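The following blocks contain the structures, represented as structure tokens.
Two complexes, one shared chain (chain A), two partners (chain B, chain C).
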Partner chain A sequence: MRFPTKTASNNEREEFNDIVQKNVKDCYQCLKCSSGCPLTAHMDYYPHQVMLLAKMGLFDQIFESKTLWVCASCLACSSRCPRDLEPAKIMEGFRTMILRDRDQGNVEILDTRKVPRQALIASMRKFRR
Partner chain B sequence: MDVFKILITGVGIMLGYYPGCTVRAHQNDKFEQESLKILELLGVSVEELSEWECCGAIYPLTSDEYMPLLSSVRALKKTEEENKDGLLTLCSACYHVLKRVNNRMNQDEEAKKRVENYLEEEYEGTTKVYHLIEVLRDHVGYDQLKEQVIKPLEGEKIASYYGCLFLRPESELGLLDAENPTLMDEILESLGAETVNYPYRTDCCGAYHVSQQEDVSNNASQKIILAAKKAGATELVTACPLCKHNLEYCQKDLQEDEKITINYITNPIIRALGGNEQLKDLTNLAN
Partner chain C sequence: MRIGVFICWCGSNIKNMVDVEKVAEEVKSMPRVVYSQDVQYLCSEVGQADISKAIDEHNLDRVVIGACSPRMHETTFQKLLEGKGLNPYYVEIANIREQCSWVHSDKEKATEKALELVKKAVAKSYYSIPLSSDLLEVNKKALVVGGGIAGIQAALDIADAGYPVDLVEREPSIGGRMAQFDKTFPTLDCSACILTPKMVEAATHENINLYTYSEIEDVSGYVGNFKVKIKQKAKSVKADKCNGCGDCIEKCPKKVANEFDEGSSKRKAIYTLFPQAVPNKPVIDRDNCIYFEKGKCGVCQKICPTGAIDYEEQDEIIESEYGAIIAATGFDVKKPNDLAEYHYGNHPDVITSLDLERMLNASGPTEGKVVRPSTGNTPKKIVFIQCVGSRDRNKGNPYCSKVCCLYTAKHTLLLNEKFPGTESYVFNIDVRTAGKGYEEFYERARQKGANYLRGQVSKVEPLEDEDNRLLVRGYDSSLGEQVEIEADLVVLATSIEPKADSGDMAKLLGISSNEDGFFSEAHPKLKPVETQSQGIYLAGVCQGPKDIPETVSQASGASAKAITLFNKGQVESVPTTAVVNKDICSGCMQCKPVCPYEAISQEYVVEKVAGKQVKRPVASINRALCQGCGACAGLCRSGAMDLGGFTSRQLMAEVDIL
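Let's turn to the complex of A and B:
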């Protein structure tokens, strides 16, 4: 993990808290979330590392992270977290901050072949604005 | 005509039916027709809601957004207005979204107030949401299912794939044990099939990543296929249109001997009940 110098502003913290309504400081880094995550092979930070960065207020690191766009909200982590922190919701919080701010998405939808509507609608709603 | 043991008493409930965009759009794969036939045969009355719209495909995890709740609330409210005993869905995503929105309306005062203001009507969160396999367990029962079997599924080793959406969060959905679900296996066993236990049956298939980061969903799905195959499965069943698509699509990169047939859970049920031919006289087909 690289350590940057700037931590989140009060505004950013407030916005994040409104969206997730969780106290990330409660995370005790047990790693249960990352151990059961099926998509870690594609992530740069593992879920517990995102939690640690959030705890330390290093939001910019998280905004740059690939992990936010890899998490599929499968809720394995959320349902197992002993502190009920819902890491999936934390990811959604950061993703939403980016989407609301930039007013556009971070992924290209492949339109080259037919995928179920459920996937298209879900992708548009998760990753674009 | 004892091949056709349909003269059983109905189970006495009348459910509203919510097809959802994906199941309705993919008529060719017969999920909807087969589900409705099975329910008709087993005496469960089902009637499509007079109006419905897409549930939005995902439940919003953000606590400060209320618009994504509206379409589900309309469907839940409609179910009540049309005097149904609950709302049935076949798709795990619709089930997940509708049920969680309903819980939210029960538990989150702020959300309830905002949604009601917008819709200009009240909704108390009283509609019960059912998944097809839940109706089979709770309102039909394995014994009755067993009685209807004409061709037991002998010699088949079927792996059930549960996926995420109707398992988690268990505290809200409460349908299955999220870490060790057995419901689909129990249904298959009552049809005479042998079931296969294998790892990753509750792991995500990669979901909507298939529409933009194929490698993510393909890797996740292949892991599931290979584990089921290794455990000796000859077929894999699911109850979700997106899982089915991903599990099929990811096999394009596999060797012939690593591939496996993916079916909806309704497929083995129909086969055990005598096959589509036997059931063709039933009327309850989608319009």
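Let's turn to the complex of A and C:
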């Protein structure tokens, strides 16, 4: 990855901050979130990496990452993060940003069997279906 | 002679590896051993009470101890014996911990060895003789070598206690490294604002004598009575006449690299080190002055309104006597030229943290502006690399330089504050923030936007774009990816090193240094400001990397030691000095040159040989100077030189018993 590279716009950052109400800069990369996450085997970026990317403003990498949809929202990370950053909430924040961006809920789900139920339910709740 | 033997368990330290009961039992069969016992903790109050009781009950007059190194508790036991009315040198210690239990793993063999060590001590005690020390007067004046914050603080503390101090600084001004800094972490108070008043206080204190532009030439003597030669280099400017107007500086045609700005600016041949210099009078740097090089110029003399310039002035040697010396000689910063991957020295935009510090400083070369040296423009993207030459066994120094993590955090904060919008990336191995308020400070740096990347940079190379920028390649272990940053400026947090000539200073003072060249304290935990040479104390980074608060605390600690010495007014001389047996001394004087303390001199004895008076040279020991190192005793071919507490007879007895 080479800097300068495209980083999040101010609007995107604001939106993200509005949703999560957390300061990702607080993360000191202790890796505790990733070490406790039950689903890392299926992730391309680990939770702490999502935090780091978020911190550096590399939102696009996150939006394209599988991790957001693999995350089961089990909250293991959130309950353990020594900085009280609630990584699960951050994940949720990015999911929300993606979903809002799309055509009000017309998310194309390629293979329902591969998408965690939580994600499906979350998305239905979000768009009141 | 009635000997008592005490074998210490040292909790489990000795007991686990040495069968202490067995050792105590077996030495009972040795001649003159009338009592023997093993004790859980000999150094404790209970343990000492046991010894005391045994001395009374068994009428002991020699005590042999099997325990830890005598370095640790010899004085404890000596005091105990003294309290019982025995000569303190009637105690012998066998080191069965460091030299036995700690280094062996076979209990049976370790027990055997412990027994031999104790037996040797018993044998040695057969020949122990009472030793005594003399009381020596203490000269109540201190010498502080080095005028940085450590030296200034130490001098002020001693002076405030009412004792005179000479403060020697080799530069033309006191202030040291701290004077180069802009702001200090973690409070971000301006370095000069807290330092300058102290400098002025030191210069005006009635008990402090300032020798700037001066160096120590020679040190002799011993605690309480050091004799020191100070070389006052010729300043070529008469301090009493110069009014500090600076006209000479302005008109001087000769420019040289300014060491105070790390070479990034120029100064004149006649100069003051920095604007707040104390004393604030210029000196002529004769190595660079045209007048001294070619005999021409003389501009400063012509211009000086008070006639203060004196080209004829000579170096002056000042001889003075002191009771205590504090070494506060400071440090150098590594120039990382040998770490070629960082391109330092090859690209103007790769600088050291000290360079950046000077740039940030309002009285620095750029008056507080941070610029890319190549273009003079403000950098937007700055990469910081930590541990440059620190923690690097291969090409650098193996130790952690301790302050770089925090000063780098400070730099990112200051940049953010002064030039909003600068992007800072900090490559680090790990960030060390041990210190009050330091973690919070680091957190602030992260909050304010510094991007910390975990991993070392492997290469910095010119990008060859039109901006002549740099490409920094590293790896972020959190990201698990190689990271490349196009940077405007690269700042290297370079290693702190002992002064290049710290070895010479150690030799002059007769103190030791560790393998890295930092001066060694007498004990890393219990005697952190003392050296092995009594009366010589340490303050600041000359002893090892430290931040300002720690430096100041240590300086106060060192001065407290000196003040204690002065308050006492007397010191006990070393009792284990060498003794010459004048009957068999051949007067060859081979011992004289080997004595590091110059305690040996020649004298004459007059004897009657075959009815005639004969005058014969022999060696003589100055007991006040002798430190009991034993070099002379080992060398003497006639066996005339003996060391109190370690006589040849005693050592032979140790060998014979085996």
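Keep in mind that, in the parts below, the second predicted complex is superposed on the first by the 99 of 129 C-alpha atoms of A that agree within 3 Å, B and C clash if a C-alpha of one lies under 4 Å from a C-alpha of the other, contacts with A are read in each partner's own complex, and residues count from 1 in each chain.
To be clear about the criterion, contacts are C-beta pairs under 8 Å (C-beta built on N, C-alpha and C of every residue); 3 or more make two chains touch, one makes a residue touch a chain.
Here the structure is a predicted model, which is why all the values come from computation and not from measurement.
Peer 1: Please indicate which partner A:L120 is in contact with in the superposed arrangement: first for chain B, second for chain C, both, or neither.
Peer 2: first
Peer 1: Is A:L52 touching the first partner chain B, the second partner chain C, both, or neither of them?
Peer 2: Only chain C is touched by A:L52; chain B is not.
Peer 1: Which partner does A:V20 reach: the first (chain B), the second (chain C), both, or neither?
Peer 2: Only chain B is touched by A:V20; chain C is not.
Peer 1: Check whether chain B or chain C contacts more residues of chain A in the superposed model.
Peer 2: After superposition, B is the partner touching more of chain A.
Peer 1: Considering only the touch criterion stated at the top, classify A:L39 as touching first (chain B), second (chain C), both, or neither.
Peer 2: A:L39 contacts chain B only, not chain C.
Peer 1: Touching A:A76 in the superposition: chain B (first), chain C (second), both, neither?
Peer 2: In the superposition, A:A76 contacts chain B only.
Peer 1: Tell me the contact category for A:E92 with respect to chain B and chain C: first, second, both or neither.
Peer 2: first
Peer 1: What part of chain A is shared between its chain B contacts and its chain C contacts?
Peer 2: Common interface on chain A, chain B vs chain C: nothing in common.
Peer 1: Which of the residues in chain C come into contact with chain A in the complex?
Peer 2: Residue list for chain C touching chain A: 381, 425, 443, 446-447, 449, 451-452, 454, 476, 478-486.
Peer 1: Which of the residues in chain A end up touching chain C in this complex?
Peer 2: Chain A residues touching chain C: 1-4, 23, 25-26, 28-29, 31, 48-49, 52-53, 55-56.
Peer 1: For chain B, which residues are in contact with chain A within the complex?
Peer 2: By the definition above, chain B touches chain A via 20-22, 25-26, 54, 56-58, 61-64, 68, 91, 93, 164, 168-171, 178, 200, 202-204, 206-216, 219-220, 223, 241-242, 245.
Peer 1: So in the complex, which bits of chain A are touching chain B?
Peer 2: 18-21, 38-39, 41-42, 69-70, 72-76, 78-79, 86, 88-89, 92-93, 96, 107-110, 115-123, 125-127
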